[in-house]
Amino acid sequence: MTAHSKWHLPEDRYFDPDPAQRRIAMELYKSVADLPIISPHGHVDPRLLADEHASFGTPADLLIIPDHYVFRMLYSQGVRLEELGIPRTDGVPVEKEHRKIWQVFADHYTLFRGTPTGAWLAHGLRDVFGIEEKVTGQTAQRIYDEIEAKLKSPEFRPRALFKRFNIEVLCTTDAATDRLTHHQAILHSRWDGTVRPTFRPDAVTHLLHPAWPENIEKLSEVSGIVVDGYPKFIKALEERRAFFKSMGARATDHAVESAYTEALIPAEAESIFQRGLQRKANAEDAHRFTAHMVMENARMSIEDGLVMQLHVGALRDHNDLIYRCFGTDKGADIPVASEFTRNLRPLLNRYGMDSRLTLILFTLDESTYARELAPLAGHYPAVKLGPPWWFHDSINGMNRYFDRVMETAGIYNTAGFNDDTRAFLSIPARHDLWRRTAANWVAGLVVRGVLDTEDAREMILDLGYRLARKVYNLG
Amino acid sequence: MTAHSKWHLPEDRYFDPDPAQRRIAMELYKSVADLPIISPHGHVDPRLLADEHASFGTPADLLIIPDHYVFRMLYSQGVRLEELGIPRTDGVPVEKEHRKIWQVFADHYTLFRGTPTGAWLAHGLRDVFGIEEKVTGQTAQRIYDEIEAKLKSPEFRPRALFKRFNIEVLCTTDAATDRLTHHQAILHSRWDGTVRPTFRPDAVTHLLHPAWPENIEKLSEVSGIVVDGYPKFIKALEERRAFFKSMGARATDHAVESAYTEALIPAEAESIFQRGLQRKANAEDAHRFTAHMVMENARMSIEDGLVMQLHVGALRDHNDLIYRCFGTDKGADIPVASEFTRNLRPLLNRYGMDSRLTLILFTLDESTYARELAPLAGHYPAVKLGPPWWFHDSINGMNRYFDRVMETAGIYNTAGFNDDTRAFLSIPARHDLWRRTAANWVAGLVVRGVLDTEDAREMILDLGYRLARKVYNLG
Amino acid sequence: MTAHSKWHLPEDRYFDPDPAQRRIAMELYKSVADLPIISPHGHVDPRLLADEHASFGTPADLLIIPDHYVFRMLYSQGVRLEELGIPRTDGVPVEKEHRKIWQVFADHYTLFRGTPTGAWLAHGLRDVFGIEEKVTGQTAQRIYDEIEAKLKSPEFRPRALFKRFNIEVLCTTDAATDRLTHHQAILHSRWDGTVRPTFRPDAVTHLLHPAWPENIEKLSEVSGIVVDGYPKFIKALEERRAFFKSMGARATDHAVESAYTEALIPAEAESIFQRGLQRKANAEDAHRFTAHMVMENARMSIEDGLVMQLHVGALRDHNDLIYRCFGTDKGADIPVASEFTRNLRPLLNRYGMDSRLTLILFTLDESTYARELAPLAGHYPAVKLGPPWWFHDSINGMNRYFDRVMETAGIYNTAGFNDDTRAFLSIPARHDLWRRTAANWVAGLVVRGVLDTEDAREMILDLGYRLARKVYNLG
């Protein structure tokens, strides 16, 4: 039997090579490495934690099928999504043999060289599953066996891993119309893990969402308010926010292609809403209504204290064919250039000076970091910057973020780290990567004489743990 | 009494940690560290230097109240500007007790961790005032006492510090309608400091400036030309430029939100100007008139030899409430994306080949460095690039500038350093930071085998002293 | 006689100074340093290689007159193009004395400090011509003598240098209407160098190209198809592509100011084409027709297998005066901001999933690397990213490219290196610079624990040799 290569995960990984910087980075990293994980924004399915017997399924169920970071890379190199077992929405059958899916994945594993996905996978496989060997076409089946066996044991159930990962709090992302039954089950169980819902009303505020009329019906149903017009719509949303808050929510989340904000007068809001109900709304209507609803949600946040997250700049479902056959979140969302200075001005002029509001901004357009976002966060009391998001949740993405944001905004106008993941196994790997990269950044400032070690020690605690807890009101 | 932490300002600060690079950086830095300061663009109040007995006032007058870099950061974290003694334009009273203002500032001092403002403050407090301890809530009052006492001594008057800072020349920024009485006082005094005015006509070229009609009246008054139409307007501007030149001016300065340029035919210019006088000009009028006046000023620069500075991309007074209560320059100017390639084409096609013109471009949109500005400066004889500006006047901002600009433009199409500050105390700190960062950049090229030491030694002299002197015609 | 300074080209140049990284970078670099050069895209004149006796002419003919990278820098500092012997299209005489041209160049040589042009020139002069001394005003004439003498010897003829440079394959760029007589001559000679044409139809697809009507006539002529309308136009292009393919072409090339794509219906394409023939097409027509022809060429590539290159974002001939007097490619092309996500959507939705298509994207707007291009390449099977282009073909440009592209796209969605040059002498220098910079980047990942050496060794072979060969189908 041939010797296979092992994972390369050195103790001091992601630190700059300079020995002085590395020593300080390691010391700073160690001060936060074992702190609990604060996960204020993500997409873990609460169902996994609602039932103490829930299982992650097969290795492919855990690591490939739900993770568009993984399968988009294989797709980009000619692997069909059907081969990877990604379910089609039109019922056309896809690969069911998970060992085969795993083999295809393993055969293409070198595609992940130098990528964050590669780093997360290696970390998870080694540290969580104890897999020492690299995934290759040759080792694929043996590794599958090992993971499969472990996933069947109680120690690898979601709740067990939640504890093992030392997660202090995990926030999920949930539709405004969600009854939060899984969250209720968690609350009513004897399990003491903290899982909080997050109110995400996009499906009822985006008028051209394909399912908008049904979503409005659902909203009427769950709120008990017949949403036949704009005032009732607002009332129903307020009711839902109150419900989410009563279920432990600390934040809302809003995903928009553009950061445009505009306050409609009530009559205008009503007439657009009515056009929506009659399925006569056009793109301009939808654009303005979304802009208005961002403002309305800011107002509601001032009233109910929920932290407001705004994720800007993804053009969703760029690939029509993939969207038609497989639906959303299939690795085909592509960023567009964004504008914040002019677009957020109406909102910030109305609410940005109000310190009851916390508005956390996320961008996919890094050219806005130093140009727009850091100056906005460095002025308006309400604004904080979210961590590097999605394609930028990576070593280089974080380094660019530190480089471009911190001098102008200062770290105290930022919001710590989010993992933003639906891949549960990647949570500790992502937080660890952030903590390492943040420690290395702070260490870089120390060796450059920008910071003394006293400040550095405080800052790594803030970046690695305290800021997320404080800004999201999770303390 | 507890021991308090000291400022951390190591000798070799801001240099990369690699020992070889650091050694070379230090050697290069030392070759320029003590050269006189050339300050070709800034906002120091000439009144401070016009009277040999002028004083900076209290520590808060010196370091907080005039410095929007400082108070915007506190404001962003919920401190009200009133608490910081920032005067309201509407007469509502603000904090008058400067010790209290200082305490609030000190209580929030950790906000400046890792920021350029923090670096400048530390440098100024230690090197100019001899304060060894860090500013904290606890040390605040003792440090206030020390600074206050020193500010009362003759050694800390503006003219004394001007000499101590080894300023070879300081250029102020002055309205086109300014009679330059302070500059006259300086010229007619026996003091030998060189202070030059800079001609900034924005308040008479921006038609929608709230005070435009009064500014035009003032222009008539000071120029002795009744500005009743466009031709007289041009004549009056030419008269003012000649006056500024006679008072020592070497440059003009123009701040525009967009770099758009367009040559209006005289009839069009006249009819827009008349609409302005009748207060009927609209945004499009103002936009085109500004674009035209940028071109006109380029023409005048070719004729009178004044260097032309164009500062592009700040959306001024983003926060309406702050603007209404406190006026301009209150830390609420936010950058917008900029475009130079198409916008400057009319101007450059007409005047860009003329080596009598020096047009220095400044941007707040770093995405234009490598994409537009370096290629333009690397082609047109008239174009030079100004140093990293405002939010980018920082270690990282400078590193990004060197990284993105120099390969395409070469250093000889750049204009050395500007401090651009109204915070007099920060002048030596800012120049020192530039000299260190430039030395580190050049040293980085040496250790990477891009430059030999012979070239490196010339380049640091150019970057740290000679370029600003030459490009601004201050030699 | 005074000692003159020597070129500074240390063995380990362009590597980071950290000793550990440098050691690994050197090892990786050595594994590719002597591999043959794959040059899949460039602008070398095939005439030079068609005749075994062809000569490069004088030193100025070789290094200055054809190289807009060189003369734009001198022009930017006030040297007139006439002084440099750049031929005027209007027949006005220019400097003919090549020694004088060389002297002007040498007198300004310090302008190239820290620039890629400086690095390429030094490499070429030392390694190819054995010139040890730096070019200065003083050494100019002696160096001219040396180069001139060598250029007259058979060892310095183009074919000899082609072999000495170890070029495995060189692809030229050729108009759709080119009869490829030089390529024919090469094919029919006994010389075994591989020189392939590349099909570039821009001059017949850009309706407002000044020579468009004549180009269409030429197209009729060379294709033998009377191009009197859109269907014949398409047929003629298909014929030309087939001809190019028969002559060894592996790729097409398309330069567009904007990446906009749109599928016109045939009737619309025809009516726009007819307006073009009648010289009545407007800017909108041209814009849409170009967008349509990009799509059509993608379709043809799927059919004939030619790799498709799309170079986006140069505003050509920004300086009207230079264009009128000297024509195109005179160092006055300036980049503009680009958009790919929305603009390429029509093309990618139609052809992006087809793995018969290879679409290589090039940008001059680095803000699109991480935001748009890496996500697109990391999803669509057809998309690959070309290397850093033009102003970004430099150490920093490459570092920014690796930094922003690779985490999201992975290296296997990129296309290795192109030199894209008309300066034959710079070819080995450019490839060497890429190999060094790539080795340094990979080494940086190794010392940061991101890669193990096993992966690193494969990746440098891919980046330095295999990817270009594979993606361009040159293996």
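By written order: A, B and C. Residues from 1 in each chain.
We take it that a residue touches a chain if its C-beta (ideal position, glycine included) is under 8 Å from a C-beta of that chain, and two chains touch if they have at least 3 such contacts.
Just so you know, these numbers come straight off a predicted model, no measurement behind them.
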item: Touch-network distance, chain A to chain C, counted in steps; value: 1
item: Chain B against chain A, contact positions shared by both copies (same if over half, else different); value: different
item: Centre-to-centre distance between chain B and chain A (centres being mean Cα positions), rounded to whole Å; value: 40
item: Of all residues in chain A, the ones touching two or more other chains; value: 16, 18, 337, 367
item: Chain B-facing residues of chain C, complex; value: 5, 8-10, 12-18, 72-73, 75-78, 110-116, 119, 315, 318-322, 331-337, 364-367, 391-392, 394-397, 400
item: Chain A partner contacts - residues on chain C that touch it in the complex; value: 16, 18, 20-21, 337, 339, 341-342, 345, 348-349, 352-353, 355, 367, 370-372, 374-381, 383, 403-404, 406-413, 444-445, 447-452, 454-455, 458-459
